[in-house]
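Input: structures, listed below.
Look for chain A in each of the two complexes below; its partner is chain B in the first and chain C in the second.
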Partner chain A sequence: MSNDYNFDDVIPVEINTEQPQLCQILYDDEYKTTMGILLALLKNEEYSERALYITQKGIELLASHYTIWIYRYDILTKLNKDLFEELDWCEQVALENEKNYQIWNYRQLIIDRILKTSGDEKEGSTKRKYEPHREFPILEAMLDSDPKNHHVWSYRKWLVEKFDLFNDPKELEFVDKCILADLRNNSAWNHRYFLKFAKVDLITEESVKNELQYVESLIEQLPQNPSSWNYLIGIYQKQGLKLSGLEDFCLKFINLKELELNDNSFKAVKSLYALEMLAKIFLERKDYKDSIKVYDLLGTQYDTIRSNYWKYEKSKVETIVGGTTH
Partner chain B sequence: MTTTQQLYIDKHEKFFNRFLSVLPSKLQSEDSNKLAIIYFSLYGLSIIKRFKFSEVERKLFINSIYDSHLIDTEIYTAFRATSYFKSDDHKSHKYDLPNLASSLFSLQILLVLKDDFSKRINNHKIMKFLQLSQIKSGVNKGSFSPTLINTDSSITVNYGETDIRLCYIAASIRKLIKYDQLQPSQRINDIDIPLVVSFIKSRLNANGGFSSEILDESHLGYTYCALACLRLLDYDIESDIELGKVVNWLVHRQVDFPEPLYTKDEDEEYDYEYYRDVDIGSFNGRENKFGDTCYSWWCLGSLKVINHDYVNLINLQTNYKYLLNQVQNKLLGGFSKDPFSNPDPQHSFLALASLSLTNDFSEELDEIDESLVITGQSKQYWLKHINYPS
Partner chain C sequence: MSNNVQHESKQTTTSDPSDKITYLLNLLGKKLPNQSSSAPPPPVTENDSDYEDIMTDEEQDIYTFDTKQQLIQSLYSSHAKFNPSLSPHDFNQDQDQLNINNNDKNEKSSTILQQQQVELLILETFKDHPQLQFLTGKHLKYLDLSLHSKLPAYFNALDANHTWMMYWLINAHKLINQSTVEIDTDTIDLINDKVESCIIKDGKYGISGGSNQIGHIASTFSGILTLVLTKNYPRLLEIRSHLYHWFISLKQSDGSFLMHINGESDSRSVYCVLAISALLNLHTDELTNHILNWINKNQSYEGGYSNNAHNECHGGYSFCSMSIYYLLFTHKSQFKTDSKINLDNLIRWLVMRQFAIEGGLNGRTNKLVDSCYAYWIGAIYPMIEVLIDQPIFNRDGLKTYLLKAGQNFDKGGFRDKPGKSTDFYHTNYSLSGLSVCEYTYDLESDDTNDDDDDELLAFKFKVANNDDNDNDDDNEKFTNAIHPIFGIPITDVNEIRQYFKNFPKPI
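Showing the complex of A and B:
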């Protein structure tokens, strides 16, 4: 977009004139001029090329303000602009300012509009068709620079849902790549869970088995990792499986003999999540004494920062014991 | 408290007052969050018991909130985010839009300034705004949109990204104008509460936390908003067994790296870039992320929302150490989000709010209401002076 638009006829709205005010911002001249012109056009409901240009400048300065986005969207639709060009523009803005969160919601609106307007076209139309895979490079670039960007992952979920990409090979490959690149990337694990378990008709005995194998092998690679344990526990909860099925698996990370020795050696435990799971398994099969013992170990030796919490969990088990014996 | 664990109240007072006066141009990109900056700074002064404005100043501030931010249409009452989008006196324009978060911040600001807003703000009309903002269909049904668009045919349409934060904001506004105290038959513009509750519950995950979208990553900020919102709507959190895992998830947000489960290399670094010793005692918002000052509030606040005794389930001493020794700025005042950043009003206020959730700093700090996030003084004012006729 060029900046040879002429605004000579516009009287910029003066900003920052109220006195007194709290948190008075000392705007610089560029801000005052841009916002002044933007406000003047917006109040006049001017929908023009130069107005479109000034919204871009406004968004660069004040990305968090909804109204500028709304005005820009109105201009686009009234001028019947090419929406694919707008998607390209969004990509540039996103890459330039990673903290620009409004852009993702706006992009959804643009895509929704593309779908809506292309649906109106008659068959044989030369109009470009929207292809959801066009989002992949920009999302990959964004996640490459911040692999845990919450807004980008949320947007990715929206895309998957919208275009039913749950079983899309490229999508599955991408999330697999993210997990293997960083086993502790909680966002990536969460996205995998979404792909595999959000749709009931995609869950089969075989898929559950595969996912259990997948996560268990990655827990074995890195046992002290909340993200993979969450994934495992999530499957158990979703499928209504008994926790005791995990006992043998947990014991891969807990050396019960050394634990019994109680010699303050940490060698006995390779994963706090396995230890906590063990306490729950013991509780599930009403082995209260051992459950209490494990909570004790967590609170006094292995996870002392949470000692009060483990005491509280222990006291809950003790209440059950008290209730059954008296 | 030991001498190393001290609060630099004088510095914090200067810090908050500095933000309330004049802000440099580099903060102009925060323009639409200005009400948030005002809220954090005024409540920052209130919580350290240094709220010392004269009657004249107080009146001027109150008037400037109404003049710059209040939108009072024939249909609804709300507040706008940025003052200069205000319509001209003689003619309202299409893009002068209400904002849900700005509406809550404005009411909270008016409270701390001891303004009886029940005189200026019609409860049914601000509830009308909430009612219009509530989303009626689709995957976000029950939640609220951040703003409303005026269409050419003068129908309002929901706009913007929605999530549990907006539910929390709506529930807080409803509580602050005491709509819950009216008889149900008098609440002519009430929101659909069962819908809000089912929206929130749909964002509950297997690990016990809440997320922005269905099956999105559990996040401590959203989890606080979910719990506080339920509480503000008088929902019985502790009796709902489906919420039984949230305490476990909350206490696991406190960061620690006990040896030898976590090992360091020869440069004293852990094998993961998101793990670092300075974070011990702090809280992260999601698994395997850095600690951040604000999560100390979101976690302790959440626990207190569930049950007043539950703040004791976390390790308070290491939390204090992190806040007072790692992120408190002893030179400029204020608190930063982590030990490597500059202090800002939001993290400063939330750090102090976290410290005031227990009694250990009650000499220096006022109380804080864990769901409305207003100080003891402003709560007293609210209880006593804000009254809508039934």
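Showing the complex of A and C:
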């Protein structure tokens, strides 16, 4: 441990030394000493430079130790530390602890505090202004090494909402790049849906048209990709569009003639999602018989793992049929 | 779900397809046929820890190099209840190999490479283990060793999860259907000691993830479940009203709860608070206010639920969200009248989590299979089935995945998937998921018109009597019935409900 700070006066807390005890971890000396001092300072409610230092040591040893983050935030605010420097430090920690999520909540706290304290300043203040685009490089680096990191995407959503980046060209460009790099990156699709459809006043006839063209062209590239199909279905539901508008599109992936032959080689079906959609289109135009037939095909031949589900969908159609004949 | 541990496995697959076989071999710990392979290096031994020596996996099988199609054909048996099947994707891939104008460049995406590798890996594992078997003795031994051994230093990754460790291990033990083996009273005392070391000022500041740490809602949840499992009702009685006031101090104006002071709020924290409050009879309007509005916003366009509005839906958060409805409602009919839930979308998303080849489940669209979702997603299936009165998923497929691919045949316990190491978390949630596969549920008589019936819907789950069970050899169950909402045996839930029901709610 660095000798910059002196902890000689601190009696370290003993961590989990009682005997006997279950699941006793044999901590190494560095961990034992660092956490012992850290938890002792926390107990004494010490908010000091050396306490700040020891939280950094602690986080380096175990970034998922949430208590350290809580303590560090308290120290930071009580000592009135430079919050921009803290953001820089956070980035280093994030890169070294890809799967950690405490850090993203912590970063939100810091940014919220920066906004709150700079709001107190008078106009023309020399205080640095927070610029949300400073987040882009770190987020890009994080998502580059783990493109589906849920914590990082959640944080990105928070940032967009907080600073109204829905129409930010860089944001749109980024999410597009993620999708094109891997059409199956569902996190990227979800983020795109958020950017395009979360704010009702941003939805225009033209934007909907563009999104439909976009997603349809990418489904054609990869017909059996659930992410793009879910995006397409999501738009149809959100906008209350008639599914029959998708019939021609679906028939690009289904050869109806071969389907009749009940051949299970998949020659007739390039996309199960297109087949499923056909069943719904038939139902929508009250062609119950064909809808039931497609559900039967799905349940008995093409997607047998979900046979219970297709039976359920079929039973819903049958209930409607039963209802109309009475 | 835990406060800290990241259960989503890091993607370690290589992006170069030529490394595929090497990768698989490494992952499986297998060797090439007719080729001697050097033994894996001995594990680094830690001072005084015998855990590593005992737990090192010695399983080594031969890798066959068969293609997916060959493997599936070789596995096919008309007696098996689950046979892996191909999808259009597989067919199109073959076709694309012949097609010079293949513009399917995206099939080089990391998602599909990893998916293809895992499918082969699982099929190989299925081939190695033709029988469905459950190694009761080995699992009990694994749990016993995990509780009583000194754990090597790298276990400090779990240092903020002490109450979770207790819950995972004792719950796993109680889920194993082996009535002759009970946890001895000395061990029960030590489990209580461990939780006690995390209770802060009789619960005034919650329960922490380790001694001298700060209270956390998720640690509190696992700590309380542990005390329920050890039947330490007197202690629960002492801390319940303190916990209640602590929860209220973390309540947000939108209805949700912070995980701790200055912490995040999401469907996990809300679920944990409601589940604890239900068990300890602490439900009040003050506590549940606005939650319904808040949770209604979290369903994504895909059908599943997320941690907060607009995020990507996810198995763990969907479990929490659907459970929240069961912890708020008293009658089934409220799903129609009070929730804004799009049930059709939710059901579709849930069933799409099951893989045709692996039989197991993933937690998000286009992610890999992982045994823990056998519970996070698996437990939502019965929550749906009791609403629609129909089976909704393939129980045999999931059971096959858990027993053949999740189970550690050598040392006991369960893992995410073959090639990953066995751990407490996956052992508990695999057993929990296995239990969901082995039982079906009903809701106790639910009279919509009975306004006096204010028992929470969550408490109305009961195991269904399967008289029409078509299964011949299936009467033997490997697990005891789990409660889908609370994640502990249903008998433990019923017992504590009876006990706490008559204690007054806080004012």
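Everything that follows uses one rule, which is that the second predicted complex is superposed on the first by the 317 of 326 C-alpha atoms of A that agree within 3 Å, B and C clash if a C-alpha of one lies under 4 Å from a C-alpha of the other, contacts with A are read in each partner's own complex, and residues count from 1 in each chain.
By our rule, contacts are C-beta pairs under 8 Å (C-beta built on N, C-alpha and C of every residue); 3 or more make two chains touch, one makes a residue touch a chain.
All of these numbers come straight from a predicted model, not from anything done at the bench.
Asks: Following the overlay on chain A, give me a clash-or-fit verdict for chain B and chain C.
Replies: clash
Asks: With the two complexes superposed on chain A, say which partner A:Tyr31 touches: chain B (first), chain C (second), both, or neither.
Replies: both
Asks: Which holds for A:Ala181: it touches chain B only (first), chain C only (second), both, or neither?
Replies: second
Asks: Contacts for A:Asp146 in the overlay, against chain B (first) and chain C (second): which applies, first, second, both or neither?
Replies: After superposing on A, A:Asp146 lies in contact with chain C but is clear of chain B.
Asks: Can A:Glu98 be said to touch chain B (first), chain C (second), both, or neither?
Replies: second
Asks: Contacts for A:Glu45 in the overlay, against chain B (first) and chain C (second): which applies, first, second, both or neither?
Replies: first
Asks: Of the partners chain B and chain C, which touch A:Ile11 in the superposed model: first, second, both, neither?
Replies: neither
Asks: Of the partners chain B and chain C, which touch A:Ser154 in the superposed model: first, second, both, neither?
Replies: Touch partners of A:Ser154: chain B and chain C.
Asks: Determine, for the stretches 9-17, 45-53 or 279-287 of chain C, which one clashes with chain B when the structures are superposed.
Replies: The overlap with chain B comes from chain C residues 279-287.
Asks: Based on the A-chain superposition described above, do chain B and chain C contact any of the same residues on chain A, and if so which?
Replies: Residues 13, 15-16, 18, 20-28, 31, 35, 39, 42-43, 61-62, 64-67, 70-71, 101-102, 105, 148, 150, 153-154, 157, 161, 184-187, 190, 193-194, 197-198, 224-227, 230, 233-234, 237-238, 266-267, 269-272, 302-309, 312, which sit in both footprints.
Asks: Please name which positions on chain A make contact with chain C in the complex.
Replies: 13, 15-16, 18, 20-28, 31, 35, 39, 42-43, 61-62, 64-67, 70-71, 73, 98-102, 105, 109, 146-148, 150, 153-154, 157, 161, 181-187, 190-191, 193-194, 197-198, 221-227, 230-231, 233-234, 237-238, 265-267, 269-272, 302-309, 311-312, 315
Asks: Under the definition above, what is the set of chain A residues touching chain B in their complex?
Replies: Listed in rising order, the residues of chain A that touch chain B are 13, 15-16, 18, 20-28, 31, 35, 39, 42-43, 45, 61-67, 70-71, 101-102, 104-105, 148, 150, 153-154, 157-158, 161, 184-187, 190, 193-194, 197-198, 224-227, 230, 233-234, 237-238, 266-267, 269-272, 302-309, 312.
Asks: Could you list, by residue number, the parts of chain C that touch chain A in their complex?
Replies: Listed in rising order, the residues of chain C that touch chain A are 3-6, 8, 10-11, 46-49, 85-92, 103-104, 106-107, 109-112, 146-148, 150-153, 155-160, 162, 165-166, 169, 187, 190-191, 193-194, 197, 208-214, 216, 259-264, 300-302, 307-308, 310-314, 345, 347-348, 351-352, 354-356, 359, 364-367, 388, 390-394, 397.
Asks: Spell out the part of chain B that touches chain A in their complex, as residue ranges.
Replies: My answer: residues 19-25, 27-34, 37-38, 41-42, 60-61, 64, 67-68, 81-85, 87-88, 93-95, 97, 99, 139, 146-147, 149, 159-161, 205-207, 212-219, 247-248, 251-252, 254, 256, 258-262, 272, 274, 280-281, 286-289, 312-315, 318.
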